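Below: a set of structures, written as structure tokens.
Below, subunit A partners subunit B and then partners subunit C, in two separate complexes.
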Partner chain A sequence: MNSSLKIFIGLEIHIHLKTESKMFCPCSAHYGDEPNTNICPICLGYPGTLPLLNERAIEHGYLVARALGCRLSNRISFARKNYFYPDMPKNYQISQHNHPVGIGGTIEVDFNDLGAKRIRIHNVHLEEDAGKMIHANDATLLDYNRAGYPLLEIVTEPDLSRGEEAELFLRDFQRLVRYLKVSDGNMEEGSMKCDANISINLPGRGLGTKVELKNMNSPRFVRLALGYEIERQSKLFNSGGEIVQETRLWNENRDITLPMRRKETPDDYRYFPEPDMPSFVSNAAFLKRIENQLVELPLAKKRRLQSEYDLKVEQAEFIHNDIAMVTLFEDTVKSGASARNVAAWLSSDVRKLLNRDKRTLADTPLNASRFSSLLTLVDQGRISGKIAKNVLKDIFSEDADPESIVEKKGWFQISDPNELGKIVDQVVSQNPDVIEIISGGDSKQKSWLMGEIMRVSNGKAAPELAKKILDERIG
Partner chain B sequence: MEQDEWAVTAELAALKLSEGEKKRLVKQAEQMRKLYLSMSSAVVDNLEPTTHASVVKNRVRKDEVKPFKDVDTLLDASNELDDRFFLIPNVL
Partner chain C sequence: MPPVKQLWFSALNKPHVRDKYVQRVREIDKKIGSFLSFKLEEQDWTALGRKPLGGVPVAVKDNIAVRGRKLTCGSRILENFVAPYTATAIRRLENAGALVVGKTNMDEFGMGSSNEHSALGRTSNPWDLQRVPGGSSGGSAAAVAAGLVPLAVGSDTGGSVRQPANFCGIYGFKPTYGSISRYGLTAYASSLEVIGLFAVDIRLLETAFETMHAEDEFDQSSFSTNISGSEVKKIAMLDIDPGMLETPVAEAYTQAAQILRERGYVVEKVNLVTLKFVIPSYYTIANAEASANLARFDGIRYGSGSGYSQNPINLIKEARSRGFGDEVKLRILLGTYVLRSGFKDQYYIKAQRVRTLIRKELGVLLRNYPLLLMPVFPTQAFLRADSEMDNYKQRLSDIFTCLANLAGLPALSVPIGINRGLPTGVQFVAPAFGEKSLFDIARGFSEVFPVQFPPGALEIERMR
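What follows is the complex of A and B.
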């Protein structure tokens, strides 16, 4: 690759908005139902029907645009984007063209070792999803349950210059929509999709010929597809070949992009205002409602976790990745636990269990009250750190409170001096040879005896007290 | 409208037109275009664009599900079904 070439990457991100009903009709927006059960004459485009805007979808759209620092439109309107393909029974998609929800924002993204960078947002607009097509032999099966599902499209300016940046941008954006509770943002499950536009040129010559990449269903595939495309276009450019304006599909089995079709231009879509729907005008009360839903955004959250709680970078990175984790962290700290201790538990033991069970924190029975109670048991010396790990596992598997788990399993530490004294005496009397070695000056063997005490007590001996008694017994 | 512009429009609409149809339709399309162009003579200075003649308040609905009660009649209107899927010739 010619390292002097300038690379321009812009993203078009679609997210499914979390709503109960579709964008323009009251059909259910629930996934996984039997084919063609959530349909009606409106989403099938029957003549004479009228689409009606879903208020929550509009709110979600404005909220994302606000969080991305866009200029919010006082008035939004919809347009028909005409195309001929049976995934939309109407032969057009209702989208936004001239009056989108938001225009011209920026968002700061932390690219880790590559540094932080501000990425400009071209626009944020609402539209509807298309139906699902299943191609089988000489026939195509159509399911319009998804047709009309509310989508929000976020178009960035071509400010990214590497596949790695695009991947990190997408991960950051996923966090953003989850923080705002407007979408699951899950690319693997289809609730977020991303197309990428890429062009290369000599520095100072502006954008090159734009190629659109599709069919990338994870941030990782976006990185790989862009990496492949940068190589392909650079070779063509350097050898004097022609880069064709086209749409290419990422083939994840072969790790290459392949041409799909000639790229349509806006003219091909023959946009015109949706005649069946008046504009939506945002008033002060509506905008205040949007403002009230704003939350601290992921990057600001990560930085605050580091500065306010003195967390390590990796801990803050892990915790801020999931808003449920942030809430658990802050609520547990508020109840009096040490921030660094809570962060250490979350980023090690809790993380291991989540990975083991392939679950997210929100799907587990661990809450701040239980977590705080568990850490208090350790702080009070009523259970050991080792036992606490087992208690945590049982919270996950049994959905029970730490106290009751410890009670039920008989895991409370032995902190009664008489009871513990008996165990120490037993260990001392059973190991005269070790006592003799220690008497000879090898105090390291005391650790071995402590291990024996823990073994005999099934790990329940309070370590500090056991050590004190052992010292008293053998001097 | 030129004949080649009409050909692009017909292609996008997946219409197969004979030469005779092309000639006839391009003439009619040109008449329509001129009719629409006549609107450009209207004075619209200081007029805010509208999408509708009278918009007095936002037309929105609450995010509530109200299932359509007669879904099966929509399926019955299809030429061909495969279980609950609409079935069409392969268009991949």
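What follows is the complex of A and C.
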């Protein structure tokens, strides 16, 4: 790559908003139902039907725009975006054009080693989704469940300059929409999509020829596709070749981009105001509701976790990735546990279990009260750290409280000197040869005896006490 | 309850009269061709007697949805399309006891002023079978004028109710934009069109309007604003170059003013400087909206196509090429053109600006005069395939009716007797939600010029 070239990357991100009903009709916006079960005359575009505005979707839109620091429009209106597509019932999409929810924001993103950077947001606007085509043999089937599903499109300015930045931006944006509870933001499952625009040019010459990239189904693919394009375009540019304005598709099997269609002229969507819907005008009460739903954003959260609780970067990074994890962390700390201890548990043992089960924290039976009572059991010496790991596993698999798990399994530490003395005596009497070696001066064998004591006691022997008793017995 | 309602109820309440009625409608309509479908369904006649419109048969323009009935919009492309739901306005009429007996012929998707642009049948003017009934709601107008029904529903985008009412000698009413829900009205030009009414009697018309007027949760552009009317003393009369109007039309126009003066109104001539921009503004906006509204008829979900093609674009092309008539294709092309980037500013955006000016000028005028008197159309009903009245001239002639649509105002066309064998009339325009003034003035006229029926019309009062 020629480092003297300037690279401009802008993203167009679509998220499915988590609303009960669709954007313009009362149909359920539930995902993954049987094809063509969540449909009605309105979302099917029957002649004579009219769109009905979903105020919840507007609220979600304003909330994201607000979080991205956009100028919020006092009055928003909708427009028709005209183009023919077989899965679009009306052959126009109701979108926003002149009066979107928000314009001109910025958001600070931490690109780790590359430093933090402010990325400008061009606009945030609402629109409806289309249906889905399913190709089967020589026929094409249509599922309209998705038609009319509320979408929010976020368009950034071309402020990113590397594939890595785009990936990190997307991951941060996913956290943001999850923090705000407006979307699942899941690219693999389709609740979030991202197209990228990229152009390269000599420094000081402004933007180059724009190439649009589509079909990237994860933040990682966005990074890979952009990386590929930067290579491809730089080579072309440096060898005096022509970069064509076109749309290219990421091919995830071959790790390359391939041209989809040439854009001789930019698409002409013939936007005009949607005559079937009045403008939406926000008022003070509405804006207050938006403010009330605003939360601490991911980057601020991460920085606060580091400064307020003195966490390591990787721990803060891991915990802030999931808002449920943040809540669990802060609630557990609030109940008296040590922050670094909680963070260590979360970023090692809890994380391992989540990865093993491919679950997110919110889907598990672990909560702050269980977590803090588990840590208390360890602190009080009633169970060992090793047993605690097993208890955690059982919380995950049995959905039970730590106390009752330990009780049921008989996992409390043996800290009664008499009881423990018997176990030590048993181990000593069973291993006269080892005792002889120790007497001969090789005290290293003591730890082997300790291991035996732990084995015989099923790991429940209180280690300090056991060691003390063993010392007494063998002098 | 309007006496006309009682008349129809007491006739059709008798089963044998009902049979006769249906038979007579079929006989007459063989010549007129107003209905695309006709069926009087079984009813609980005891219950109907108590309802405000109980037993009144109603014809509905075939671009308005009635559950279980076809919704062809007069187009080949929707020839076999059946509506799965009922328009709110029709449901309200039915709840009040009105009986939808049939769907009426129309210019394809409402695009035309003569009904000659229907792909599905020919409708004649009951006063002269060689002449057109007007359009686009020509079928509904003809059905009422021939006495087949006392009340009919149409839609008025640029005069599509008032002009055929004028051609057929009956009342034609375009309400304030938003006063009647558009849910169930197949869209042609969404920002201009409203569901309107035809009637033989002004009280029946008023009752039907009161029934239909409501805010509808399925139409966010609908309002339940109270209908009012002010005490009318002064009436504005549009000053028109006499050369613009055919003689019988000019005579009716003068006569209407004279009657008003005799009745003590002050009638003052006024000019509208924006009048000459009405047609270009109207057609630019209407076609632009139509180009989007009709995009859904693509042979995939709506419209008959071959169902098989190598690629979707061919499928769509074929269905639209075969399914739409020439006038519809022309308007879609023009509408697409005026929205293209690079052209939008000089056409669509400019037309919207002009529309605002027209609205403002009319607004100012109607603050000084509670009613505006205008002709409906420059001619009386013209001959079918009239070379004098080509498509282009028909569009220019919409000038007096389009005005109310651009401004969203209520207007009523009122019959002023028969001249040279054909009906004449005038129209009044009122401020938004000022429909009462329209009905009041029309009631006055009805004493002098009651609705007349052509020879051979169905006479319900004589059916026993």
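The rule is simple: the second predicted complex is superposed on the first by the 464 of 475 C-alpha atoms of A that agree within 3 Å, B and C clash if a C-alpha of one lies under 4 Å from a C-alpha of the other, contacts with A are read in each partner's own complex, and residues count from 1 in each chain.
The working rule: contacts are C-beta pairs under 8 Å (C-beta built on N, C-alpha and C of every residue); 3 or more make two chains touch, one makes a residue touch a chain.
In this text the structure is predicted, and so the values were computed from the model without any measurement.
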Subunit B versus subunit C as contact partner of A:L52, first or second or both or neither: both
Touching partner for A:S77 - first (subunit B), second (subunit C), both, neither: first
Which superposed partner A:K460 touches (first subunit B, second subunit C, both, neither): neither
Which of subunit B and subunit C A:H97 touches, first, second, both or neither: neither
Partner chain in contact with A:N137 - subunit B first, subunit C second, else both or neither: first
Touching partner for A:H16 - first (subunit B), second (subunit C), both, neither: neither
Which partner reaches more residues of subunit A (counting touched residues only), subunit B or subunit C: B
Which of subunit B and subunit C A:P41 touches, first, second, both or neither: both
Partner chain(s) touched by A:P86 [first = subunit B, second = subunit C, both, neither]: both
Touched partner set for A:F272, first subunit B, second subunit C, both or neither: second
Residues of subunit A at both interfaces, subunit B in one complex, subunit C in the other: 41, 44, 52-53, 84-86, 140, 142, 268, 275, 277-278
Subunit C partner contacts - residues on subunit A that touch it in the complex: 41-42, 44-53, 80, 82, 84-86, 89-92, 140, 142, 268, 270-272, 275-278
Footprint of subunit A on subunit B - complex, ascending: 12-14, 50-52, 55, 58-68, 71, 74-75, 82-92
Complex contact set, residues of subunit A against subunit B: 19-21, 26-29, 34-41, 44, 52-58, 77, 83-86, 133-144, 268, 273-275, 277-281
Contacting residues of subunit C [partner subunit A, same complex]: 63-65, 71, 73, 78, 81, 83-85, 87, 182-187, 190-191, 217-221, 288-289, 291-292, 295-296, 298, 300-302, 312-313, 315-316, 336, 339-341, 344, 348
